[in-house]
Amino acid sequence: MMSDRVERLLLTQEIADFLYAEAELLDERRYEEWLALLADDIRYWMPMRRNVKFGEDGREFTREKSDINWFDEGKETLARRVKQIRTGIHWAEEPRSRLSHMVSNVQVLGAEPSYAAPEEVSVKCRFLIYRNRVETETDIFVGKREDLLRRAGEGWMVARRKIILDQNVLLSKNLTFFI
Amino acid sequence: MNGTKGYHPGLVDLDSGEISREIFVNADIYAEEQERVFARAWLHVGHESQIPKPGDYFVSSMGEESVILTRDRTGAIHVFLNSCRHRGMKVCRYDEGSTTVFTCPYHGWSYGTDGRLVGVPYFREAYHAKLDKEKRGLVEVAQLCNYKGSIWANWDKAAPSFQEYLGDFTRYLDLQLDGWDGREAQAELLGGVQKWLVPCNWKFPAENFSGDTYHNISHRSVDLAGIGPSGRSRRDLGERDISRKLHVCIPDRGHQTILYLMPPGEPTPPAYQNAPIVQEYFAHCEAEKRRRRGDYGRFVGAPGEVFPNTALLSRQPRTMAVWHPRGPNQTEVWRWFFVDRDAPSEVKEFLRDYYIRYSGPAGMTEQDDMENWNYAHKASQGVIARRHPYSYEQGMGTAVQDFEWQGLKVPGDVIDITEVQSSEQPMRNLYRRWSEFMAADSWADLATWRRNDRTAAE
Amino acid sequence: MMSDRVERLLLTQEIADFLYAEAELLDERRYEEWLALLADDIRYWMPMRRNVKFGEDGREFTREKSDINWFDEGKETLARRVKQIRTGIHWAEEPRSRLSHMVSNVQVLGAEPSYAAPEEVSVKCRFLIYRNRVETETDIFVGKREDLLRRAGEGWMVARRKIILDQNVLLSKNLTFFI
Amino acid sequence: MMSDRVERLLLTQEIADFLYAEAELLDERRYEEWLALLADDIRYWMPMRRNVKFGEDGREFTREKSDINWFDEGKETLARRVKQIRTGIHWAEEPRSRLSHMVSNVQVLGAEPSYAAPEEVSVKCRFLIYRNRVETETDIFVGKREDLLRRAGEGWMVARRKIILDQNVLLSKNLTFFI
Amino acid sequence: MNGTKGYHPGLVDLDSGEISREIFVNADIYAEEQERVFARAWLHVGHESQIPKPGDYFVSSMGEESVILTRDRTGAIHVFLNSCRHRGMKVCRYDEGSTTVFTCPYHGWSYGTDGRLVGVPYFREAYHAKLDKEKRGLVEVAQLCNYKGSIWANWDKAAPSFQEYLGDFTRYLDLQLDGWDGREAQAELLGGVQKWLVPCNWKFPAENFSGDTYHNISHRSVDLAGIGPSGRSRRDLGERDISRKLHVCIPDRGHQTILYLMPPGEPTPPAYQNAPIVQEYFAHCEAEKRRRRGDYGRFVGAPGEVFPNTALLSRQPRTMAVWHPRGPNQTEVWRWFFVDRDAPSEVKEFLRDYYIRYSGPAGMTEQDDMENWNYAHKASQGVIARRHPYSYEQGMGTAVQDFEWQGLKVPGDVIDITEVQSSEQPMRNLYRRWSEFMAADSWADLATWRRNDRTAAE
Amino acid sequence: MNGTKGYHPGLVDLDSGEISREIFVNADIYAEEQERVFARAWLHVGHESQIPKPGDYFVSSMGEESVILTRDRTGAIHVFLNSCRHRGMKVCRYDEGSTTVFTCPYHGWSYGTDGRLVGVPYFREAYHAKLDKEKRGLVEVAQLCNYKGSIWANWDKAAPSFQEYLGDFTRYLDLQLDGWDGREAQAELLGGVQKWLVPCNWKFPAENFSGDTYHNISHRSVDLAGIGPSGRSRRDLGERDISRKLHVCIPDRGHQTILYLMPPGEPTPPAYQNAPIVQEYFAHCEAEKRRRRGDYGRFVGAPGEVFPNTALLSRQPRTMAVWHPRGPNQTEVWRWFFVDRDAPSEVKEFLRDYYIRYSGPAGMTEQDDMENWNYAHKASQGVIARRHPYSYEQGMGTAVQDFEWQGLKVPGDVIDITEVQSSEQPMRNLYRRWSEFMAADSWADLATWRRNDRTAAE
């Protein structure tokens, strides 16, 4: 009934809505609801980045599942992280940080089997995460996210997430939040 | 913000077990440390497997400064200050790679991988061939040591050799670098060196990894959440039940570590119950280690520290860390991770996952350490705080020399913490050595063991 | 004619347009036009935030209309603030600041009576406000906004605004701008 | 077939998609593809900003084509900049910076001849550019962009770009990236 | 950036009325201030209503350092340095709450609300019960005073009592803490303490609130925009017309304030015409105050300062502020707001709205103050600027002792500014005292009034 | 981070050609520089065309401090410290404009465009008319010079006049300010002054613009990309082929420059082949210049430096820069751009485009300079780096006095770099003068030429 163009634009909007809703759960510390949006087989990967010579981009990122990375894990570990925060004695998050996840530049890069009836969607975005805690402690994290989303009834699930942080030396003491 | 100006002996009082907060927060003391400690002590730079082939390089750090670890065309390993001799430009701004020369971006001087100044634009014309190139090579460290693949360097040519510097601590570094089965230098580096900034003085992590068993309580949230691969909250509870847990300090050297001493004969209890392959691998290695190392096979490593700023962790997560000073109030941590070279890939993969979720800024355990170091430092900067020294009284006067258990002697000052749970002997050992470095004018004064009865036996 | 899904997506887009247009008025210093977008009964509230123990989130924010807050006022006071800037001698804004209001994660959380014919819409977003003034003075403010928008002919009006800044100690000397 | 309102909303979404895709090319260092999105007659202008007395806004910005500006050039110079980076010895970008272009508040301000069949669209947005390089070097640039986009077959081209950076003294050593 | 090294007498020259910019921008002088001023003077910490029940605590600040204001199980009030005695960890990182113990996150030492070290993990095992817990409680202030609900503390046990420290300034603090109707200690705190950072030295706000009537011109934009609840640009014009406006300085103490002295008999003219309930409330209070306080009921308060960094504002907006030093170039302001406990809720609500739009970072009036302090400081840092002292010549030599008007004596050095509009006597009084603190080696030298004829009468 | 405390002679060793890194990174030396160099040397403030009419002002900077360049109602030009004499508030916070008075935002003191304190609120009432207004005007520079439209100022009244300060360097400044055709003071300023921050010590750009021909190699990427208006990679290759390229240093003054010396008679070879109008304009100007200037018309300018921090670039891009110190590790660059007043608009437009893409933070050429200064500075801060001085040995001892080529004498210490390509004589000249400023107690010691045989001829 609707043109392809319209279908694509509406799908992009729908996916953006999903990513904003996800960010909202994280900023509101509704971690259990957030976990519920993650596929059981999710891979949550955040590589480290190197300064490399021109033409050697292949060595820029540490490799998933074989190198050391900032994050490279599945749902079980993510669930343990939530559990740790919920103990109330995870000192790096107690008192809790004040967090805002800004998500922008939401791009749908592909949809399978089709934009009209998508079952899996690959989406890329930019993020800015602002963290402020205790009195004056402040961090700003900026980068890109490449997500694979999977249709789940009316909604979506995150089936895979690759996080590209625009840093070499991590400019913070820790990474106690979800991205 | 600056109480006393600079270091003076009263600040570290080991008789009372009190150490002034000044040594952590005072900017003048920090500046002196750069000269007296970091320009004279042996510092860890990297691992030879990071530069396997001639021309390979890895840009590392010594104290505050950037250095280049490189292997020249003849295969020899060097460490150079990463700064051009002409106007100081940082000659290499990549993290690692392979090259034939380091060409300075500013005026194009180029240096060989052996540090020699090989290219000077217009050498004949502008310099009338008069520049003494020999004198203008990259600044090289005074001493370098490749110990079982780990590379160490020292800016002071008067310093003793690395092995003399280690003294009786050598076998604890061996636990880090040898295979779990006791074969020599079997450590393999996992790809990727973690680097991150912590807002605290470098000595907070240094003393923590010297053997602070007392802060386990701070990790209770991890125990509750569960992190251990064995499904139990900590992977090593098993061996804890039957072994002796020791604080081992090497007097005069400033090195110290936790050590688990296993009973003879008895096999190490099973761990990794949920991962048969891993369980089997370590069981096999334990047996092999006993066979190869004999009695010393009963040693099981744990966090320790090579003076001043290199941390060892020879059990799982198996890692080395360097605490680079970045001003009195900031530390840049570098983290290397190891597995046994010949371990099955399933074991390597299994351990890598564990290391990542345990260690570093995203590590469920260490996140809380960084938080504590940050706010312990911050709450110690004020004028009133500085009037109240820290307490290092735990287990004072309880260390013994020539500790022995079931037929095995452990050299050094030793406290058996199996029952007492903890002591601050390792920190006292660290700061005793630190204050010797701050007070001594040269290595002649620092090589105390050479004129020391107790260690004359060496 | 259009499906609910489409209606919702289009409404979200329409609301986002409104919020962007509002931000544009502020950044262009068209304050009188901005005031015209505010309902006469608007409540403009920005609480302060406390570090509280796990489980005591109830005490995190100062309370509207009873505690001290960063802002807690109506249209009259907002209009006076505009008037003050327009005097040309409000030194904290003279010379004027260079401001950018970045609005992201626009979420329509509800629409009354319906998404098809909304009269009131509750919307949440993230903001990043960049302020630079005089020579090198720079501030970055990040947080969330919860707005109640009311239909006004073809367009919308702001009937209520709650501003959640992710700070405890305010990391700036003043708050001379509208959020 | 569709209402004006819908046409406008969809056009805005389509333009946003274009701007996000453009940002993606820049962050992925696909500069040649980016150049292909620029009209041959593009004007790329970034004025400097002054602190001026209330009521003298006319003197706030340096003038295009007559004053000194941060940027004031056409496609040929932009292409030379790309060429320079590609030499691999443009030291200010070697090793390459880690960049994220965050684009938000996308507003379509006009469409010619019509929103139904637009040939030229004027669009305004906010940007935040995060630059991190070598070890710890970090810059954040925030401001507005006013673009004139021109229809090009299925897609769009940038026919004119005005960049308003919210700074007076430039708070960075250089501007080695495209905005 | 550092002209002279540290404080020396010439910097504050009260004969010429010139004060060097060094005392505002010099980093060495700032460091000395932390020891000589903030570690010896009485500092405002909070209000008892913030900790109504045993176990309640409020984390405050004294100088640069975090402190805990707490009420122990017996109801006694304490102020402690917020730093663990073991390794300095900040033991409480919440802004306020209620607890039975403060447990340190790092190694688990726990302290009672009375500061006693009550819990030491493995005390018997690791410490062999040898740690002297009595010695290791939280560091407590040397002196504490609860004056009509306001809590003040001092790190120096040699300091005089708070009331002796206040001297004749007591009645001006009373104006802040008593009810508008003259009943004692009727001030009720509104919820929420404003905290924000200003890029200037702490003495800029301190001198501004000491009674800087001269900068009213800087608030012209507010007068034009209109902010006053009376619909007129300033709520207090009425009483200004008939009262005497004074600068009152307490010599030797360093406290000073603006004071409106009303005529006897005459009722205070109406204000708040647009808000009948408020108008009526204050009219009622004024009458009550006259009745209760007699002649002193003619005092109407205004901005003032308790040396060194506590500001009073006992009229509307009724607030107290503390200017916490955060380095030579930064100040953290804390702001408490008050209403009469028994005032009608409409009055409280009305005043609260006024306070918010008037005060603090979002306050239409004070925004411009912060701007001026910021750029006055910034433009005073350079080498040329430092050669040119500030001018404090206004009204030099015009102060009188024993000022009297219509039968009421006002103690202290007083300048009637009703006609002359302004003077800089309050600032001179502030900096005279400040330089005494900077020069004196102990309170023996600072309690000048004890050996002072003029104040012998006290 | 602070090696030696402050400046001492050994740091600049011109016999060995070695200069310590301390002078670039040491915070104490930086603080001394502010007093000894910037408070005594002639500094460039702006151009008279920025303030054409009475009441016009331009806010500039001298060293770290903000100053106001203004033209009073009589048309006289002044430079004042931008800080109120009362409490230091920055009195003018606009970049430029026109006014009759500068009214301080804080308490409303107002100053005329001649700096006089003309308005003091409540002067009669609050000050009892006693304030000495004459003494409280804006702080004015001790000396000011308008040289062909360029404004220079000096805080030290003991300094020699600007022209004596320039000495034989005058004619190189003329190349900047006169027309390309040799007419006097024809330089017209393009609108917009570039201002930006570079994380390096101010001396890195200062020495670079003193005549660092050696770093051309760092700009190879521009040559490859092509930037030159002539379609060739550099616009000036033509004249390079036939001219002599010189390093000209004015001993005792600390000024130095690159100079192209053209042959007599011969026309300057064509450039700008792709832009006929421009080519024709410059061809015309060259001929005019020869006619007007005679032999000195053979001079073609290039980068140079007036001690300490003003850079000249009298060819295309024709610009002047000032390197304002902003702490030891930061420099704020200000950049003015010029064209000939009477040049055709096409020529002005053409040049403007070239200037923008060549110069400043967005300039393809200078971006790489900033990068090199940044990381040369950064890699020189550590304790080991500070032990290894920079090398300034290039062409030592090869400078001649009274250089002459084809009948034209060039005063100063000269090195012909046409064949040798480069020398470091300009940097040695700069740092010799810099160390004289750092060592001298007064201008009596600095005006060396007055007691100097070699320059007695002057």
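Observations, loosely collected:
Should a chain be cited, it is by its letter among A, B, C, D, E and F, assigned in written order, with residues numbered from 1 in that chain.
Note that a residue touches a chain if its C-beta (ideal position, glycine included) is under 8 Å from a C-beta of that chain, and two chains touch if they have at least 3 such contacts.
Given the structure is predicted, the values throughout are model-derived calculations rather than measurements.
For the pair subunit B and subunit F, chains touching both partners: D, E. The greatest centre-to-centre distance from subunit D, using averaged C-alpha positions, is reached by E. Each chain gets a centre from the mean of its Cα atoms; for subunit B and subunit C, those two points are 51 Å apart. Per-chain CA centroids place subunit E at a distance of 49 Å from subunit F. Inter-chain centre distance (subunit A to subunit C, centres taken as mean C-alpha positions): 26 Å.
Among the residues of subunit D, those in touch with two or more other chains are 13, 51-53, 89, 91, 94-95, 102, 104, 128, 134, 136, 140, 168-169, 171.
Shared interface positions of subunit E, i.e. residues touching 2 or more other chains, are given as 93-94, 105, 197, 218, 368, 371-372, 375.
The set of touching chain pairs reads A-B, A-C, A-D, A-E, B-D, B-E, B-F, C-D, C-E, C-F, D-F, E-F, using the touch definition from the header.
Within the complex, the subunit A residues that touch subunit D are 5-6, 9, 12-13, 49, 51-55, 102, 104-107, 124, 126, 128, 140, 142-144, 166-169, 171.
By the touch criterion stated above, subunit D contacts subunit A in their complex at residues 10, 13-14, 17, 20-21, 23-24, 27, 88-89, 94-96, 98-104, 128, 130-136, 138, 140.
Per the touch definition, subunit F reaches subunit D in the complex via residues 93-97, 190-199, 218, 220-222, 224-227, 332, 335, 337, 349, 352-353, 355-357, 360-362, 364, 366-368, 370-372, 374-375.
Residues of subunit D touching subunit F in their complex: 46, 48, 50-53, 56, 59, 62-63, 65-73, 77, 80-81, 83-84, 87, 89-92, 134, 168-176. By the touch criterion given at the top, residues 93-94, 105, 197 of subunit F touch subunit C in their complex.
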